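Below are structures written as structure tokens.
What follows is a pair of complexes built around chain A, which joins chain B in one and chain C in the other.
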Partner chain A sequence: MRPFDYYQPESFDEAFKLLTMPDKVVMPLAGSTDLIPMVRDERWSPDIVVDIKELPGLRDIKPVAGGPGCGVCEGECLYVGAAVRMSEIARSPLVNRHWGVLAQAAGAVGHEQVRNRATLGGNMGTASPAGDTLSALLVLEAEVLIQGAGGERCIPVTKFFLGPRKTALRPGEIIVAVLLPPLPEGSAGSYERLSRRRGADLALVGVSALAVPYAGGYQWRLALCAVAPTPIRVPEAEAVLSAGHDAVSLEQAAQLALAASHPIDDVRATAAYRREMVVRLTRRALQHVVEQLEH
Partner chain B sequence: MLHEITFNVNGEPYTVAVKSQHTLLDVLREKLGITSPKRGCENGECGACTVLLDGKPVNSCMVLAVEAAGHEIETVEGLARDGELHPLQKAFIEHNAVQCGFCTPGVLMSAKGLLDENPHPNVDEIKHALAGNLCRCTGYVRIVDAVLDVAGNGQ
Partner chain C sequence: MKGNYVGQSLPRIDARTKVTGTAPYPGDFSMEGQLIMKVLFAGRPHARVVSIDTREAEQVPGCVAVFTAADVPVNEYGLQYPDQPVLCGPGGDKAGADIVRFVGDQVAVVVAETAAAAVQARELITVEYEDLPVVTDPRAALQPDAPRLHPPYPGITIHPELVYEGNIVSRHRIRRGDVDAAWANAAVIVETEYEIPGQEHAFLQPEAGLGYIDEEGRVTVVVSSQWAHEDRHEIAHALGLEEEQVRVIYPAIGGAFGGKEDMSVQIILALAAWKLRRPVKIVWSREESIVGHHKRHRVFARARWAADGEGQLLAAETKIVADAGAYTYTTNKVLGNLVLTVNGPYRIPNVKTEVLGVYTNNIPGGAFRGFGAPQGNFIAESQMNKLAEALGLDPVEFRLRNLVRAGEPMPWGKPLPDDARGLTDTLIAAAEAVGWRKSDTGWVAPRSAARPGDPPALQRGTGIALGVKNVGFSFGYQENAWAGIELRGDAEIAEARVYAASSDVGQGTRTVIRQMAAEALELPIEKVHVEATDTAITGSSGSCSASRMTFMIGNAIRGAAAAALEKWHDEERPAQADFTYLAPKTTQIDPETGYGHPNFSYGYVAVAAEIAVDTETGALHFPCLVCANDVGQAINPRMVEGQIEGGVIQGLGWATTENFIEKDGRPLTTTLSTYLIPTIADIPDEVQAIIIENAEQHGPWGARGMGEMPFIPVAAAVHHALRNATGIWYNRFPVTVERVLRGLKGK
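Coming up: the complex of A and B.
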């Protein structure tokens, strides 16, 4: 592997000094499951790698009252640190309490060895359109807590993903945590994904669905990954489902999900196959949510 | 960049000088002569390099050696105690769960990670835990049977 220098800063100040070193290619590292293969394949060539996972607060999962500075979350949010491992999220009783769709998505990443290293912040920072946790964060309407040399800011996850491997992070900024807004009792979610090899490989298509009790009915949220340059919400399908989730609406929503998808051909699957799978996985995710609502 | 790191491998403390870009797999095999973790895909796909890091299965090809500083590593070399094979090793022999053997150390460590956390897993839990370990010889049936045997015996 091409040589680089590794640092593990103990404070944010030290981290930002390293991350903004002039004339150097500097990359943050948390779980290493993206960075090491990319450096080995010579697709990334960092001069300096900054291990951010031991920075204060990056490994915490904790309820917090309101969002620090973001003002969006009223009541109790769940704070999930950027360097929390996928296996920790999948098994966390706190995440599973209301935000189980994120636990399901984290549990679908790679296999156990990868989940024991890969982090939520890494999945977001890498911003692959196929990132499993990304569509779950969209339906949960998560806020992203970001810190840089200039201070802290909080942005909605809908504004975080700008394109394949492109995010709203400015040079030197790191993801500190996501904040998951509270959900009322009776909410139900499901994450469905398909990959060539079960228990490994990236998603060919991923679908997150969530129903939230609202005004005597449900407000539905639906998001897709691996079918567009970024993970996407499907508001047209959500409107149909929120008006009633009978069999006809479910089918209509699956077709609207298809209409919103613009998948590509790549080594994993053809666009045509992905389109077919969008319909099937959306049906399945919606059906799983309906089963939970009726339970 | 050189780092002097200290970590435990199978209960023994080691202090070694490693370069930033060295993986845990590089250092175990090339510096410490611990060769049960195999260099397979080096891409997190095959699981042949699986070791336990603080009790959890990880691909040692995707961990920087410097990240292992201060942590506990377990490999197949540490499974046998006082000349007695680990129950998983015995079960793999009894069930003929080994053919070429290249994947076996990784499979054993994934299985140990599972049993340490959940001593009585069912078939689905075993398959889930071993999903990151490719075996191109056995077809997995004998491997799953061997792990199930140990799980049933309550280890």
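Coming up: the complex of A and C.
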């Protein structure tokens, strides 16, 4: 494996000095569950890696009043630091309070050993189309808090994923946290995913569904991963569901999810199988939400 | 029987070092001044190596040497027949050694001061290839116009089944009665085509080793494989040395499962160390390991079996084409076991079996836990389950009616060497554990009802299969194993040192050796030390395969212990003795009829499976797998359970998620993220290990072999359960989620 220099700064200043070193390939590092395999397989060749886990605030999960970055979050948002590990997210009572779909997605990543290292920021930084937490972040309409040498900015997660392994991060920037906007009491979400094996296998299809009480009915949100170059929202399906969820609209939404997907053929599965699974998993995710709403 | 040590679940002697991470595996050994070796693999399935230019590579700073075919004194290797070049390329005098026949053929090895220099130099080797036509389906390789992969066979018969006609490596036949006359009397006939997959061993520790010249001038390799003395033999042969000039040492071994029977790094390490007179180290990556060692044989079969209205088997006709891949490896022996298992342990008056092993440009087929029996068993047991269904008989009942009774001949004309009570015992134990009940009219299968909370898409089923496999080397080979014991002390024995060239691949052989030695010597176990496996200090105890280590070494230890105790009583100090145990004789089987007495001992095993199928996604879940195994005598019951659990889960992987994909001779699943072995999240909710102990007359303390047995019936039991859950016979596996769904859709 190609060697690299490793630093673990404790301040942002120090971190950004490293992250902006000229003429060097510098990469942030969190749990390293993507980075090390990529370096080993000679697909990434950093000269320097900057471990961001000890930076202030990166491992926090905390309620915050109003979005510190964008101000979009009115009321109480949940701040989830970029270096929080999947196992912590999955078990966090705070995350599970309203944003359980993210906890479910985090709990679906890899297996216990992976989840004990893998971080939310790393999942986003890798920006794999199959990243489990990504569709959950989409339906939660998360905000991404980003910091670089030039300062802080905040963008909606819908603008964050640009393509397979491509994000809106500029050179030298890191994700500090995501902000999860508040959800009214009575919201319900579900993450469904399918893989060829239960443990440690990338999703063939992942579906996040969320219903938010709105004007006497529900506003629905639906997002998919592993079926397009980036995780996608399916607004057509959401519109149908938000107009009233019954057996017919659930079915329609599942078909609209299929229409929005462009899965590929590879050694893991054929596109035809993946397409079929989009329909069935969407149906399941929606049904699970409906079951919760009816309780 | 429970002795002081035999029958006791003592902790493994290597438990602490393995759990704490200090057990020394081959890759952990380093020496002052060592060099690093890298292999240049062919990376293409079939080509003539026109030329190899190493000049640029040799210029890389730190590159010490590049070895090619011309550097190998006797450039051939093969456990059964030396049809594989150690290094492929021009420059030697061996016909056909300039051809690469699969992607993992080794073309050159680079030895350098650092890994980086070795990698850089490897990239600068220029190989000119002339690609040759590729054949990857063994059925296509049988056609007269198929490319021929090897030069004509010189015609010396080594084993009668090794025929080398065109691309046919081996042929086995059984002919008994007259199948063609039997069909007319049949009440039911079941005819099926099966496609049985290969399998990657996926042992934890990829191939690695250290080669050096020892203090007595021997070229020495520290490696992890399965038969130290055979490694020594193969190395000596290729290097043109006497065996005494070669030494092989086995430290801790991170799994093997048959995948380390053939040579990987042994010969090249020895070659480099011998030529350079410096220590040389190699560690393969997972990808190199998956490309570089053989796989379980892929098998294509057509089976036509018949039974009469009373539920008695009438005839079995089975034709099998197995993918031997690029070289012979142990194909003829693997398929010898396939031919003995493909008709099951049943009374069948008319049998016609043909098994062909055929060369292709795929990764070679070779040894893998079960050694041909899993493929044979899948065919036989699937046919049995189908026949039972066609007859409207319970599958347990149907088997009990047809099992050979003590003294009745097997399809090869001779009876099993014992009363084979284990067949009935294991079958009933496994069946009862999942809910089979005996009624007045015979055995009744459990009903697979939905359980509270089951979603509508979930369907449940239960299945069963029975298995048999030989223990020990067979087909006329005089099976043997060596052990030595040295007793030290004065008036009392202070210490016993036990010597045996075992290969502890993780199954715990060294622990069992210690228990058996303490029992035989009637010594407190603390006084018994098991010496290292090192050809410099031990005779050959044979291969770690064929479920034979406990059986064979146990008998050798008993002999050595008795002899050493006698010397001790004669006042010899230290009292030293060794003993070579010779197992009962066997014979080859007749090439035309299969008639013979191929084995001296067998193990018996049954597996019952409970399955839950998500009919919307094809995902499978296993609430319970039961394995009942007649082990004769469990020397260490907890380790037997470990073997059962591991074997059953490995069998489950073969049946379900392990999909080894090769396209045009190129493997596409060369990582453990694309080739999926079961993880802890994929194993059954419960694996029930039922140990049955019908003493084996020749076994040490009654033990019979068991390491392979639990694997064998898993695939057939799983398929039976899947059938009962879905109504579909999947005659092709692995039953991946996608394949399950396709089947449910009738495609």
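By our rule, the second predicted complex is superposed on the first by the 295 of 295 C-alpha atoms of A that agree within 3 Å, B and C clash if a C-alpha of one lies under 4 Å from a C-alpha of the other, contacts with A are read in each partner's own complex, and residues count from 1 in each chain.
Everything that follows uses one rule, which is that a residue touches a chain if its C-beta (ideal position, glycine included) is under 8 Å from a C-beta of that chain, and two chains touch if they have at least 3 such contacts.
All of these numbers come straight from a predicted model, not from anything done at the bench.
Trainee: After the overlay on chain A, what do you see for chain B versus chain C, clash or fit?
Mentor: They clash.
Trainee: Looking at chain A, does chain C or chain B touch more of its residues?
Mentor: Counting residues of chain A touched by each partner, the higher count goes to B.
Trainee: Of the partners chain B and chain C, which touch A:47 in the superposed model: first, second, both, neither?
Mentor: Neither chain B nor chain C is touched by A:47.
Trainee: So, A:200: does it touch chain B (first), chain C (second), both, or neither?
Mentor: both
Trainee: Quick check on the superposed pair: does A:152 touch chain B, chain C, both, or neither? Answer first, second, both or neither.
Mentor: neither
Trainee: Contacts for A:111 in the overlay, against chain B (first) and chain C (second): which applies, first, second, both or neither?
Mentor: In the superposed model, A:111 contacts both chain B and chain C.
Trainee: With the two structures laid over each other on chain A, which partner does A:87 touch: chain B (first), chain C (second), both, or neither?
Mentor: First partner only, chain B.
Trainee: Quick check on the superposed pair: does A:36 touch chain B, chain C, both, or neither? Answer first, second, both or neither.
Mentor: It touches chain B, and chain C stays clear.
Trainee: So in the superposed three-chain picture, is A:236 touching just chain B, just chain C, both, or none of them (first/second/both/neither)?
Mentor: neither
Trainee: Name the contact category of A:280: first (chain B only), second (chain C only), both, or neither.
Mentor: second
Trainee: For the superposed three-chain arrangement, which chain C stretch in 635-643, 653-661 or 689-697 runs into chain B?
Mentor: 635-643
Trainee: Overlap the chain B and chain C contact sets on chain A and report the shared residues.
Mentor: 111, 198-200
Trainee: Per the contact definition, I'd like the list of chain B residues that touch chain A in the complex.
Mentor: 1, 3, 19-23, 42-45, 47, 50, 53, 56-59, 61-64, 66-67, 110, 113, 128-129, 131-132
Trainee: Taking the touch rule as given, give the residues of chain A at its contact with chain C in the complex, in rising order.
Mentor: The contact residues of chain A facing chain C are 111, 194, 196-202, 267-270, 273, 276-277, 280-281, 284.
Trainee: For chain C, which residues count as touching chain A in their complex?
Mentor: 616-617, 619, 657, 661, 668-669, 673-674, 676, 678-682, 736-738, 741-742
Trainee: Please name which positions on chain A make contact with chain B in the complex.
Mentor: 1-6, 8, 29, 32-33, 36-37, 39-40, 49, 51, 87, 110-114, 116-117, 198-200
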